[in-house]
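Structure first, then comments.
Note that the chains are named A, B, C and D in the order they appear, and that numbering of residues resets to 1 at the start of each chain.
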Amino acid sequence: MIEVNNITKKFGRKQVLKGVTFTAEKGEITCLIGINGVGKTTILNAIMALTPIKKGEILIDGEKLKPKTFNHITFIPDAITVLPQMTITESMQFMKDYYTTWNEERAQELLSFFKLNPEDKIASLSKGNTAKANLLLGLALDVDYILMDEPFSGIDMFSREQIANVFTSHLIEDRGVIITTHEIGDIEHLIDKVVLLDDGVVKKHFYTEEVREAEGKSVIDVMREEYQG
Amino acid sequence: MKINFNRREPVYVQVVRHFKQQIAMNMLEPGQEIPSRRELAGELKINPNTVQRAYKEMEEQGLIYTERNLPSKITRNEQVLQVVREELIMDAVDQFVTTVQSVQVPLDEIVTIIKEKYEQTNADKGEEDHD
Amino acid sequence: MERYWKLMFTSCLFVFGIGFFYLHDTFAEKELPEYTWEKQKGNEEVLEDVLVQAYIQDGSYIGETIQIAGEKRKYLSQLSFLERLTGAMDNLKIKQLQQKYRGFMRGKEESTYNFYEDKRMLAYANVSSEWDGSQFKQSNFALEVETVSKRDDETTSFFIKLPNQDQYDYMDVGEVTVLGDKLYVLTQNDMLVDDESQSEMRLYTIDLTNEKLISEQRLFSDKEENVKGDREVTLLHDTDELQASSYIAVMTRNLDEDDQTKQLRLFDIEKQEEWSVDLPKKMLEQEVVAHMGDETFYFIYEQKGKLSVTPYQIAEQQLDDPIEIPISDAIDVNTMKYTKIIHDKLYLLYDMNSYMGREGNAPQIKGNPPLMYVIDLKAKALRYEGELTPKNKAAKNALFMIESMYENEQ
Amino acid sequence: MKSYFRLTEFELGRFFKFYLVLIGLTIVSQIIGVIAVSKEYMQEANEAIYQDGLSKQAFMDQRGLISLLDWTNSIWFLAPIALCVVTLLIYMFFIWYRDWLGKNTFIYRLLMLPTQRIHLFFAKATTIFIMVLGLVALQVFLIYIAGIVLEWMVPNEFMQTMGVSEVSVASQYVNTILPATFTEFVLYYGTGFMFVCIFFTAILIERSYRWKGLLFAIGYVAVATAVFMSLIFLSMEWGLFSLYPLEWLILQIIIGIIVTASSIFLSYYLLTKKITV
């Protein structure tokens, strides 16, 4: 379980996070929703200790993040983070060199699943393929938690579909996933849990099925209520 | 398998209903293996946990059964299957009646229209089969 | 391993390159110029007391400094960084004092002129000043005095603000002497008088018990009222001598075209008297070596094949009979020489490749080894005669330039 | 430890092409230089002897013998060194900033490696440092080779032969990069390493606090330099106390180690707690 406890963050004078609290369980897909600039990426960065938080704490399976934790949690940012001049093979080798949890078999599987050519340079890949390669590098790790920042934004429909397929596949099974999006549409039925962010706080925190069952509302209905009401 | 999900209704409920329809329509035969939770999730592009929930619900209702580690199968229990069929018909009729009543059409007229429509649809189906 | 080839490549480049550079001398037969004393007469033991420092130029751009003491040689290029840092070739007298009085010597000027030593104490005096940016000259002159008693290691130190300081532009300590409980500091003071620079010696008398300045006296100046034009004033003392006598001796020479008279003048600190030593003019033209500890002057004069050393006792105010020694015919009165009195022996080293008074590009004659004569001043006899000859090819090809001669303290 | 070596190799690899270009340029320029310098000298000699009718000896007396020093003072020798120095100085900053400002923000990947982040610091510092030392070592070989080339080019009577270490003693420029004794070498480059650490820390301060950090960073460099220089100021310039040379050296080394260690410690803290992508 990833526990985010009351974290605050300022950028200059702007208070981006004003005490955000939520949890993300293993085996569930938690979705951080909010309009752009609400601090979704900042939360993911904070979980990965890529940006300092002013207050609050973040625990991963009850512990603070340590260097070794990176073998058990991976973050797939919205843009690929390997050097453009590397080929896919080289970037896979790079990951393999440092991560004990790198699963080469799964990497090869993903390679064929996404139909990527391993000899291609990262810089020469299309947007969709870059996103897939990015996903590949994260998913080929045998980690407990996967964080994804806007995995669907700015890519073509077919790639979106392929990526969406990942969420229902064994690649995600039993892992804890946190994804961020500013547009729920496509993935409404893929997620377990929604964390609605607005103005630096968590507005609402719910399981999608529970809301549908108890209130007969879609996620968008809830969002509309929360943001407009 | 393709379902157009309603966003406001729990997905698992819709999945269960879908299975019931399939059973009632004999698309799924008694004793037939159903897809694994992951397969179905992938096919329907929904969360595997939701499928899990749906399967659990179906199991409780006796629609499917699981033996040891084998894949789940559609029940062979005729009684249950009968209930499903009836439930489905009743659901459809309920819905129909509610709609029709609001238009305030006499029952006789409705029955006639239903008859004609039913026969014509069957005839159309027959023609299609010939092609 | 091949996965780390770039790291390997760069590290190997570094290790081999730097290794080659710093171990090169060990592998390469680099020949140091070697010299040896060739005895002609006497006993070479006396050479162990003297340290000859010379600069060797072998035609390349790199010179080498060498120190020769008896059989021992020290080459500047062969010193380690730490030896250089700690001044392995520096003034030995000061080094010795630093070892003995580490705390006392800390931060002190490394010049023997500032020190006085006897059985009772070690005394130090220095002039401190501050740069006055508004007037573009040194100001705030003060005398810094520090003594350490040898009996109980007790140190006293005090500052004395100097009187008449507006007159001076610069001050430098020439000599420090202690007589009884009084400390005498002789300074060379530079000043501007009517826009003309002038230099004079001043003697400051300090009461050590009360830590007070008793008097300030003007002693010798390069401008005297009865002298036409300027005169040159040279303090006669030995650099290695820490125990000065109660006399201050200077050689003066008038710089007027018509009047170039030389005078040997003395000031008796105890009697507070200044007078001119009465000597024949031709004696004054000779080189004077002052042995102030012994209160004796030695007049040195070379003639063809003969050297005469004439002692003059200050107390008796009279010339003794000259000591006469046969020397090489190659030496004449103009041959460049270095003198030093160590343990009552006069060391005379003649640089056979250069001459005094010759200016410009005199052709450098290589390969004439320096000649050394050691004369026992008490026994009035020659103790050693010999030359410093090049021993190997490197030395033969090099030019050997004597820099100075010190007492060897090691 | 393993990841430190991997990262170092990786960092080296990212600049290695440029590094080889620098090495190549230095070799080419300096070898051309020794040929150019000796040709020029021989031309002068020929003119003097055949046209102006000077004797060989007279020419040699007038012009002096040619030696490697003529070469080390030429632009051919100095320009590539200056280029390497400037390039590596710039790269000292670039080695960090490229990870943030590059096309794919690689710093995400680097900071998420399952290893102590200070290894990044060490890997980058080692990279800069080992490249500098590699170039210095290259210079040793080049001086040696230039000596051989000079011998080919110029008749030996016109030549003053010099070994590699003699060149370093005689040439001020060479002496700055290759001091006479190994102790000095260690001290020079130890100081160099300390300044690399100081600048790296300054970069990390800027990267952690951005605009505000820029001021802190400049302040940090100033303070670290002041602390390192404090002995020189306190004892030599202001004369507050005096030290014997050996004491000074030991204290200076201790201060250097303290400054370096605190720099590394501060960087460790910044990388684990304050760094931001």
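Definition applied: contacts are C-beta pairs under 8 Å (C-beta built on N, C-alpha and C of every residue); 3 or more make two chains touch, one makes a residue touch a chain.
This one's a predicted model, so the numbers in the text were calculated from it and none came from an experiment.
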{"item": "Pair joined by the larger number of C-beta contacts - A-B, C-D", "value": "C-D"}
{"item": "Centre distance in Å when chain A and chain C are each reduced to the mean of their C-alpha atoms", "value": "82"}
{"item": "Centre-to-centre distance between chain C and chain B (centres being mean Cα positions), rounded to whole Å", "value": "117"}
{"item": "Cα-centroid distance, chain A relative to chain B, in whole angstrom", "value": "36"}
{"item": "Euclidean distance of C-alpha centroids - chain C vs chain D, Å", "value": "41"}
{"item": "All touching chain pairs, where touch follows the definition stated at the start", "value": "A-B, A-D, C-D"}
{"item": "Residue numbers on chain D that touch chain C, as the complex places them", "value": "5, 8-9, 12-13, 16, 19, 65, 67, 69, 130-131, 133-134, 136-141, 144, 160, 162-166, 168-170, 178, 180-185, 187, 239, 241-246, 249"}
{"item": "Chain D - residues contacting chain A, complex", "value": "3, 6, 10, 14, 102-109, 111-117, 208, 272-277"}
{"item": "Partner chain B, residues of chain A touching it in the complex", "value": "27-29, 164-165, 167-170, 173, 188-192, 208-209, 212-213, 216-221"}
{"item": "Complex contacts: residues of chain C adjacent to chain D", "value": "3-4, 6-7, 10-11, 13-18, 20-22, 24-25, 28, 30, 59-62, 77, 80-82, 85-87, 98, 102, 106-107"}
{"item": "Parts of chain B lying in touch with chain A, wherever the complex brings them together", "value": "5, 7-13, 38, 41-42, 44-50, 53"}
